[in-house]
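Accompanying notes for the structure given below.
Naming follows writing order (A, B, C and D), and every chain is counted from residue 1.
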Amino acid sequence: MDQHKSFGSDNHAGAHPAVVGALAQANTADAPGYGADPWTGRAVSTLRAAFGARGGVYFVFTGTAANILGLSLLLRPYEGVICAESAHVNVDECGAPERILGSKLLTVPTSDGKLTPGLIGTRLHGRGDEHRAQPRVVTISQVTELGTCYSLEELKTLGEFCRAEGLRLYVDGARLSNAATHLGCSLADLAACADVLSFGGTKNGAVGAEAVVVMAEELAADAPFLRKQQGQLASKMRYLAAQFEALLDGDLWRRNAAAANAMAHRLADGISGVPGVELWQPVESNAVFASLNPEHIERLLRDWQFYVWDPAANVVRWMTAFDTTEADVDAFVADIRRTAGE
Amino acid sequence: MDQHKSFGSDNHAGAHPAVVGALAQANTADAPGYGADPWTGRAVSTLRAAFGARGGVYFVFTGTAANILGLSLLLRPYEGVICAESAHVNVDECGAPERILGSKLLTVPTSDGKLTPGLIGTRLHGRGDEHRAQPRVVTISQVTELGTCYSLEELKTLGEFCRAEGLRLYVDGARLSNAATHLGCSLADLAACADVLSFGGTKNGAVGAEAVVVMAEELAADAPFLRKQQGQLASKMRYLAAQFEALLDGDLWRRNAAAANAMAHRLADGISGVPGVELWQPVESNAVFASLNPEHIERLLRDWQFYVWDPAANVVRWMTAFDTTEADVDAFVADIRRTAGE
Amino acid sequence: MDQHKSFGSDNHAGAHPAVVGALAQANTADAPGYGADPWTGRAVSTLRAAFGARGGVYFVFTGTAANILGLSLLLRPYEGVICAESAHVNVDECGAPERILGSKLLTVPTSDGKLTPGLIGTRLHGRGDEHRAQPRVVTISQVTELGTCYSLEELKTLGEFCRAEGLRLYVDGARLSNAATHLGCSLADLAACADVLSFGGTKNGAVGAEAVVVMAEELAADAPFLRKQQGQLASKMRYLAAQFEALLDGDLWRRNAAAANAMAHRLADGISGVPGVELWQPVESNAVFASLNPEHIERLLRDWQFYVWDPAANVVRWMTAFDTTEADVDAFVADIRRTAGE
Amino acid sequence: MDQHKSFGSDNHAGAHPAVVGALAQANTADAPGYGADPWTGRAVSTLRAAFGARGGVYFVFTGTAANILGLSLLLRPYEGVICAESAHVNVDECGAPERILGSKLLTVPTSDGKLTPGLIGTRLHGRGDEHRAQPRVVTISQVTELGTCYSLEELKTLGEFCRAEGLRLYVDGARLSNAATHLGCSLADLAACADVLSFGGTKNGAVGAEAVVVMAEELAADAPFLRKQQGQLASKMRYLAAQFEALLDGDLWRRNAAAANAMAHRLADGISGVPGVELWQPVESNAVFASLNPEHIERLLRDWQFYVWDPAANVVRWMTAFDTTEADVDAFVADIRRTAGE
């Protein structure tokens, strides 16, 4: 593998040692299958309390699976999902919403990955018209795919708008930890506006585990059946639950996210003022989006791992992870500066 | 948890220590996501060789997911799947084949969970008739849900029959290890008849990992896309691959299965001749199906974990696992004998 | 075409002249599209009254479409449909329930095409178990695919059983007219037990028109959207509605069905006592199922059109239509008798 | 109904008398079901010749159904459809492509409803990337939803581009007749670029009938099954076929379309130079899109039927039909001029 720390994705990192330790500790005697084990009982209970979720918590294996399960609790067959064009459900799930849910995505272009009541409003025409897929769910990503966060005020506004319009709100929280850390708020604060959210473990130090958090009790009845039908019911559920127990223990999830976010800020600070390098989005999580000279991009890609987000605009994405170190960042910054010709 | 070893399911057991050890060892530095890591490279390569699979190997998280992915490689939208009524895809997947694949199951009653050309032939009418779902795939379970195994001769016959009839053959191998051990054959021997099979890790000492093995090259092109769309593409794939590496290392999979099978035989031998206790199916894997007095069933369920398979026929299922010990079996046998009034 | 009247299917007949006349009369000036025209208003209103349907009436083009739309009003994604193995939805719709609805059919073998509480009860296990598709809808055909009818008493019993068990009841009424005629009852009598039914026009003298009748108001909200999504919303709806207006005018539907039923009885009477010819099902509609010598079947097929229903049992199906004449039947009977060697 | 001719939609018109006459003439004796009748044989044969279609012709009931069937012949489960944002499949089919096909639509904003290689190229990224729905089919509407036509040169360019890019081309031809008339070309000329097209009867004088035309033989094998599964297989197919026979007889389809197109031009000419009334799109079929003073729109809507296409831009759509007369147009023009204050 690369000798340098990857800035390609927060899923290039391994798992936090405490998570792997928890897996090993869970590997004791027999346990009932399919979630009737004590690890699941404890982890679900802690998460319900942390989110203020009356509906329940359902573990699944991947972010795509979490989004599909979460959305499937909220939609009738002819209802559509309003989302940003850049949303993971639209761009990065190989058509799973259309194929597995059978639902139309009603996409909206955005400048920063964030929806607003005004943007949502552009997709609300045709309600009651049988020729149109009926807008029913709004989905936002918190953190967005562009690394930005909704403020608590923005979330409140969205939540109220959705309730007033008879819309439901689903939050793709693959990086919810990073948002809670950036905003300095609780998970319950982030959840207050939502009907259902996902809470990602994988990008924040888990081996591979996501939680679907159902806020309202009446939305949860279908969840066990849909999770099973969607191939996401773990027989040895304790190994998913143990990962969350480790992340919840002493708020490891927050410490991991804080570490990653801090390194993104360190990276952004480090390149500040470098001629020809410009931030494309504000840094509000563990992602740095910047534009730079295409030849410099090419030069950096020889030694470093990261994605060219928008080749036309010469925008790159640099992700940090829970285990990115100051030395990793400093070495990368030094090389960026060197490449940029300072 | 129970003080006694569970005979409820082979997924009540934890993972083999070597599997957990492999997970911990895989938890090193960065690795590329989505399977482009060395663990996945090695495990896939070993499995391809072991099965003689030219098409590829695709890891997923659950048995249901493996079946859905495997079948989805073989079906057009109007084609159906011939299976035993007792098949996991028919009984235990909450309608996933119908919902996620959109495919009709053409079920056949069987006495022992096994299909034959004759039984398959009963579902082959209406070919070419646009009013009928077209039979296209035959799926068998090896080991079957009733603990029985197809012999190599039976597999060969089925494979030839399917080829002659223009049918494809999918093997649900959630317990393929137990079958290979029972038959004393290689994985390639079991795969020779098939177009696609699953190879289960979870019930044989893994934390949670299944492989979809595609035999023919031309069937594999869709697999990466369908796996992603079905929510089964692990971002940190190395942790699935490492489990298989551990199971493949020194044929741990076979030793685990051999241990479980031996304990099922020890259990069957132990109850042999007990009045009122009768084997319902031959013991050919790690399952013992027996009928006994319903009051005795009730009495045993106070202290032991197992499933009543068929309440009407007073048939129970007793499963052993890779970690079931002789002492576990002997204690259970003693209690069965005591209960049966000897 | 054949010089002889077809006994192959009631859809081999053309349309009743009054139906074609109504189409021509509807071909006047402009009319609003998609059902906002006066023909649709009148036909829906008449049908609502005839069935006592508070939910609404929705026209579609085919029997398969009617069944799919009707069932789609009653099912969540993980819920299944209990039906007779011989049901049209199971046998004759090319897997549409599985593909378009995504729903599992829970089939029950029957001797006469009819379900009973006892037979339904065999498919009610596993309720609440997330591994199982949840039984939710019972569907019966009235007339059944074997030409038999449920009595009003049987319907009442089924309706009460379903309500007590939390099941919904859908009636495939492709030949509902024939049943109402056979039982001498109203459409409302047949509908009293049901949540949703179809009312077939095509097999009873229409050009091609079926109605989905929704009994309860709360079940109808989705119907306009699902009909559109399923490709069944006619832009020039007046031409579907006009067909029903013609059939409803002076109860033409009942006169047509009575004519067809009478000819089936005449046919059954005509072959009564012929050696080697035996009725396989009682004649309760416009179908005669009989078994006879396979060589005689072959001989008759040279001159007459009908289906061999069960080649193994030498059972044939002879259908009459609204326009089958006494002379048609008598000629056929004479040939059957001649062939049977009298 | 309105005393004035509707300019709301070409489906507000009734059917051409010759079509209804053909229906009546087809209402003779028995005919085999499901398309094995002589009317279907003849109509299919004529259409195959007219389009140069080696694959086959399949009648269905609605435009949505034609699009779904046509597209379903061309897509694997993870493949997407590139279309204009304004396309009927995207806007007016209640999510049928996503729900019934399970396919993602990859939409492109356009100024005139027409795709170009450049616009298609914007949706071709991510090919081979398992995270992305794979672009596979391009669908265009000819006539577009904005009343514009692709020239033969544009079609040729699109066809070559698609072939070069490994894309398939589906043409939504709900108003293909109007395009052929506008361009003065044959149906085969319009079909040369396509893999599959629909040929609409309903908006051009039929009672309700559309044809799916499959150009290549190898694409047609699935069509009979998929049509049945999608609820579009007419049992009394002759009544669909007879409509097409009438439209094909003496090229009635072209005469009808020519009449409608001419009236759109007359309307556009009539309002030419009226202050405040501006054509929004060139008139290339039977649609006139114009912008005018919103108060004048409101005033006209009191007496005339038409749609406000874009309320924000004060754009209205005026459709003509095969039976729109010069007097109808002249009366409407006079009222528009009066309203506009001349």
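Going forward, a contact is a pair of C-beta atoms (placed from the backbone, for glycine too) under 8 Å apart; a residue touches a chain by one contact, two chains touch by 3 or more.
What you see is a predicted model, and the numbers here were worked out from it, not measured in a lab.
In terms of C-beta pairs in contact, C-D outnumbers the other of C-D and B-C. With centres computed as the average of Cα coordinates, no chain lies farther from chain A than C.
Averaged C-alpha coordinates give centres for chain A and chain C that are 51 Å from one another.
With centres set at the average Cα position, the gap from chain C to chain D is 34 Å. A separation of 42 Å divides the Cα centre of chain B from that of chain C. Shared interface positions of chain D, defined as residues touching 2 or more other chains, are 77-78, 93-95, 99-100, 102, 130-131, 225, 228-229, 233.
Across the complex, chain A meets chain C through its residues 34, 72, 76-78, 102, 130-131, 134, 222, 224-229, 233.
Interface residues of chain A, counted against chain B in their complex, comprise 1-2, 5-6, 8-9, 11-15, 17, 20, 23-24, 26-33, 37-38, 60-65, 68, 93-96, 99-100, 202-203, 207-208, 225, 228-236, 239-240, 305.
Residue ranges on chain D touching chain A, taken from their complex, read 77-78, 80, 91-95, 97-100, 102-105, 107, 130-133.
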